[in-house]
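This structure is in structure tokens; I'll ask about it shortly.
Letters A, B, C, D, E and F mark the chains as written, and numbering starts fresh at 1 in each.
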Amino acid sequence: MMNRLLITGAAGGLGTVCRDRLKHMAKTLRLSDVVDMPPAGENEEVVVCDLGDKAAVEDLVRGCDGIVHLGGRSIEDTWSVIRNANIDGVFNLYEACRKTGCNRVIFASSNHAVGFHKQSTRLDANALTKPDGLYGVSKVFGEAMASMYYDKFGIETASVRIGSCFPEPKNRRMLASWMSYDDFVRLIECVFRAPKLGCPIIYGASNNATGWWDNREVGFLGWEPQDRAEDYRAVVEQMEEMPAIDAPQVVYQGGVFTVDGIHEE
Amino acid sequence: MMNRLLITGAAGGLGTVCRDRLKHMAKTLRLSDVVDMPPAGENEEVVVCDLGDKAAVEDLVRGCDGIVHLGGRSIEDTWSVIRNANIDGVFNLYEACRKTGCNRVIFASSNHAVGFHKQSTRLDANALTKPDGLYGVSKVFGEAMASMYYDKFGIETASVRIGSCFPEPKNRRMLASWMSYDDFVRLIECVFRAPKLGCPIIYGASNNATGWWDNREVGFLGWEPQDRAEDYRAVVEQMEEMPAIDAPQVVYQGGVFTVDGIHEE
Amino acid sequence: MMNRLLITGAAGGLGTVCRDRLKHMAKTLRLSDVVDMPPAGENEEVVVCDLGDKAAVEDLVRGCDGIVHLGGRSIEDTWSVIRNANIDGVFNLYEACRKTGCNRVIFASSNHAVGFHKQSTRLDANALTKPDGLYGVSKVFGEAMASMYYDKFGIETASVRIGSCFPEPKNRRMLASWMSYDDFVRLIECVFRAPKLGCPIIYGASNNATGWWDNREVGFLGWEPQDRAEDYRAVVEQMEEMPAIDAPQVVYQGGVFTVDGIHEE
Amino acid sequence: MMNRLLITGAAGGLGTVCRDRLKHMAKTLRLSDVVDMPPAGENEEVVVCDLGDKAAVEDLVRGCDGIVHLGGRSIEDTWSVIRNANIDGVFNLYEACRKTGCNRVIFASSNHAVGFHKQSTRLDANALTKPDGLYGVSKVFGEAMASMYYDKFGIETASVRIGSCFPEPKNRRMLASWMSYDDFVRLIECVFRAPKLGCPIIYGASNNATGWWDNREVGFLGWEPQDRAEDYRAVVEQMEEMPAIDAPQVVYQGGVFTVDGIHEE
Amino acid sequence: MMNRLLITGAAGGLGTVCRDRLKHMAKTLRLSDVVDMPPAGENEEVVVCDLGDKAAVEDLVRGCDGIVHLGGRSIEDTWSVIRNANIDGVFNLYEACRKTGCNRVIFASSNHAVGFHKQSTRLDANALTKPDGLYGVSKVFGEAMASMYYDKFGIETASVRIGSCFPEPKNRRMLASWMSYDDFVRLIECVFRAPKLGCPIIYGASNNATGWWDNREVGFLGWEPQDRAEDYRAVVEQMEEMPAIDAPQVVYQGGVFTVDGIHEE
Amino acid sequence: MMNRLLITGAAGGLGTVCRDRLKHMAKTLRLSDVVDMPPAGENEEVVVCDLGDKAAVEDLVRGCDGIVHLGGRSIEDTWSVIRNANIDGVFNLYEACRKTGCNRVIFASSNHAVGFHKQSTRLDANALTKPDGLYGVSKVFGEAMASMYYDKFGIETASVRIGSCFPEPKNRRMLASWMSYDDFVRLIECVFRAPKLGCPIIYGASNNATGWWDNREVGFLGWEPQDRAEDYRAVVEQMEEMPAIDAPQVVYQGGVFTVDGIHEE
């Protein structure tokens, strides 16, 4: 059990889940976001913080044993937004870790770091990146930063290329990419209980029948996702008509992100 | 022959070489740097431009058929310097390409994108990145941006992980990493004459006996480096004493960059 | 649900199973064989057709949305039989698809396309072919034809290298190669429900403990075989004495096919 | 030195070269084609033979120690032509070998067996086939037949995926795919002098700077092509304008074959 | 069922388990060790034998159909001990097999043959050895001897790189490396029932969540371990404090063996 | 230049070459063998030593900076001979290195460590061993010992799998496996000049046209063999008749060693 676990992006969807579900992992949860969130409960600290503010991030990280870094922009956006939250923000976070001695991070990377791979291509941790937009590029950047801070300063990061983390799969693509909240929580537990983590790449998906990703290279972590998007197939097939055979939703792992343009300021 | 070839970073060492040696490749060379450089000669245009200035970069790129992008910071520096020149600068460059229709770029990436690989590890284009500092991370970022603009917009880039491009190898490490000016010029010619380039990763080194890198995956470009660092071995061994067996110069491909700290502002 | 699904070879063993078990996949099943079969029932059409007859095959395919191509000779035979059914027949089938716009095929390929691989060699979709007779060669041909019609005309085929598809495993080799009817039906469902199929190679075997084949490359299809040859081990071991250690049944994946000669006309 | 070497397709371009250049390899050259050719000279036998005629092919092969099998259709054609010459013809040839005891064959396969691979993809002997037309499919078939006759009957074949074998490269694509006559003759010598050949896949190209193919897996044969398409670059670039970036000549290894339709009878 | 199965090292921990649990596999169990053990029961023979005594080992093996070779030193020791039991002993065993016609062996190799691989590295049967001491070196030697006697004389061996075979996992490292007795017995059954064994490398671990090893290459044996170290996690985490992040127990697969020195005589 | 370089096996063929050709590498050459050799010349020390004598070997190694370890039995022999010279001898050598601080060794391993690989199989440093006799097994053992002493104690070894090191190739197999004396000397120079060696596997063959081995993984050493067995082809083909197609000389890399039996005492 850690003394203090920082959750960034704690006001967002995943952040709220983590706030609720990671209480057992640390004596104190420090919760941070750039927007307001519900006030601190028992064993909680709430800090509003812009990840682009270097000094603030250093204060934020000080005193924490581990970080679940969900903060930053989580979909495509303009360059200035992406750069502030996902480029400067990541640098600021690792600098804060280095200076304050925080040594273990879960970095919420994304399938959009490899989004231009075809859905028929099976990826493992050795796959080359193929980002599908500025957001995806920022995630490649974040993984590179994590790699460097590990090799140079020993700060360990699990870069999790999250597929689609929602209560339920919402469309056909998510039958492959969905990760349940329970499975994500199980993964976080595995990452923080590992005696030595290193700096692995992990694909964040449940035990889906039609998955594209192979986590064999990180078997040493012992993560065994339990949920299955397949259980929702009937509902999903009702919800969404079959896309055309050349639609981005069925061709590329990144789905429609691959046809999104650059967001002008 | 192109109509107009842009060389960024044209006031630097490599830029000066390119200014001198690429005259035959385009009717006009447009030369750009953030610092002053000698005035435009025949068939030359000189433009002072900060790569961090998006509008200026768009003006810079307009009307060019190709770009040799040497601009940006080429060694480790503070984050604000790296970010402006190598992060914002690369984004600005590709946005300018997209908007003005410039479709072929040589991106001066660096061995420091893979600097934490050991010298005894042979790398090819499928190697995972292992950056050795903020500079190296910025190069991984640049390669990712190139990849995305190719997959999404068809802009072709040759990302050249330059080893050590100097008149002669200056130390023992460069007996492996050296690239002669002649070989670099030959590479640029290959890149621009290729009917279809795609978005390859190329290691920029001469035909050195003790090299670490294997360019077989880009054999289709037909680049055959002619020079050999070995010719300079006797001189180099005089110049530099044998490093200790665990010195970064002999352990890691990135050499002493791997032990450089974060440069504080 | 398709409008019309064509099953070729519908009078054979597998064909009869499919006739019975694929009713839910299309409004109409068109059933074809070169020999007579039971008359058409509800929602069925029965067509006698020689696959070697090009015009007849075009008529056969017209109006179908998908094909389960079980037709052709399914064991070793003389060249003229193999050539008519499996060489000309496959060409005729794909030409018919191209001309009539039928875009999805399951091609009953065979383990005999890779029969000269040893049983101790684990194969996946990237394994090189090693056919074990004229029949096996004809299956390599069929897979090549499928590949070409996909790359050139967009017709999608799942080439299923069927192991041993019978009600139960009948000998020791089938403890590895057996595919249950249920698992085959599940596979067919996966192939036709996939939004985009491409042209994958699939090994057709149940979830057998001693299997030789790895379908990880086609994980995106979501096929999860449920049956296990192991359940029949006791019976099988009663049925067949342990073969000699150098018997083809235990050395090669193709079993006794590897020692069958060329069948003279 | 062999007693009798059979050259099929001896009236064609490559056949004529071989007739002229392989005299030193056997006491007698038996020359065969379906069309007429110049009468037999000293140490020559001339036999007109349709490869589709099984009995005739057996007669043709009888008494030969080795075969350079250039016969068959060497470009795209109607199915009936391809099938007769390249499908039946190959079967007839191997049956003749089996029956008469001829144990070593060079099979003129083709780059069109892998023609749908991109030019930026480096292939070696383990690459999967990707034929680009009926002709390419027939070559995959031929390689499969060779493989089977080797594994089953010990008949050794060198399957040579010939690029473009002409006196000189005739267009930009051939700067990568060209094989000189001299280099082809050297290859034939290597194949027949090898104490044990096996059944290797060999890419038939000269030592071209911009090549796509890697023959490292067959290094044991000792073939070292000496000629270079690069010597003809200036002439070729004069001859052919630069194709568009998405033209089949620059995208696929098979070039324009990939956009050729099915030839109707 | 074999006539006579030899178990060497039968007085040790694993040997005692095998004595008890392998009764069903042969009409007679011949039990051997260098130290005394309980007298022979029904269908048992007890032989005291020093593996370093060549003539004695030949007598020991004579009349046996198979061998479970657990004998020899199973932890680090002085060179003379290791050499006698694990070097001479293995040679003597295989010579005895060759001379007496015993053709199937399970060789108790060890994870210490690959002990210097990191725990974050996933190994399969193709991994290079990286022994972590004299004991580990002796196991590499034993596997090499097995390989040679198979290729040269057809004697089949399953080299099992045993992780930690105990009643229960005793520390955190064993959560990955543990093999239950039941799973080991299942493996032995698979090895002796295989029609053809060959000379495979097998990793000996149960179905542990945090395992390092992948037995896919030996899938043809059908071994499916059933037990899971995870069931003991709570107990183990009580037993052993979390090691430091750079402790050999958490860095290397071989654990503390990697920091053990050479044992002086 | 080293102070003192030890050459073991200095009275043998290769040893004599090294005695003659390595004078420039150290101020003193210490020459050792179990048999007599010519008396010490200038800058030479001659020591008669049985490698099986541990204390003597420690004395032998004391004061040396590097070792060219050619000593031990270099062909198949009885177990007691192999064990004394190649098993005990290697252990004694590394113990002496550890105790006296000698940190760099060239270990004369052998192609017989991989002798059961087929000649048509291309090997690199990642190939699995496949020894072809007791001699070959002893070389696998030696490589394993070198690996362990490197990982545990930092003693660096270049394990050179020597092909056939003679003044000239003496038979057809040596057209692939030959290494000239000059090339071996060049390799020794590369190994001792490398700032960091590690523990690489190197195949010891000249730049032969028909070679089986690929040293790309050790490119960092800069060894470029200059000689070519091909220059001797005409002579060799005169000397040795063409072997049968299934003769061990043409099937296996180890040649006739693969059919040699166990040498009885």
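Some observations on this one:
In this section, a contact is a pair of C-beta atoms (placed from the backbone, for glycine too) under 8 Å apart; a residue touches a chain by one contact, two chains touch by 3 or more.
Keep in mind it's a predicted model, so treat the numbers as computed, not measured.
Separation of chain A from chain F in touch steps, taking the shortest path, is 2. Shared numbers divided by all numbers used gives the overlap of an interface; between chain C and chain E this overlap falls below half, so the copies present different residues. Between chain B and chain E, the centres computed from C-alpha atoms are 53 Å apart.
In whole angstrom, the spacing between the mean C-alpha positions of chain D and chain F is 42.
Computed from the mean C-alpha positions, the centre of chain C lies at a distance of 31 Å from the centre of chain D. Touching two or more other chains at once is no residue of chain C.
Pairwise chain contacts present here: A-B, A-C, A-E, B-D, B-F, C-D, C-E, D-F, E-F [touch as defined]. Per the touch definition, chain C reaches chain D in the complex via residues 79, 83, 87-88, 91, 95, 98, 116, 126, 128-134, 136-137, 140-141, 144-145, 147-148, 151-152, 258, 262.
Within the complex, the chain B residues that touch chain D are 103, 156, 195-196, 198, 200, 216-224. Across the interface of their complex, chain D is touched by residues 119-120, 122, 172, 175-176, 208-212, 214, 230, 242-243, 245-247, 249-251 of chain F.
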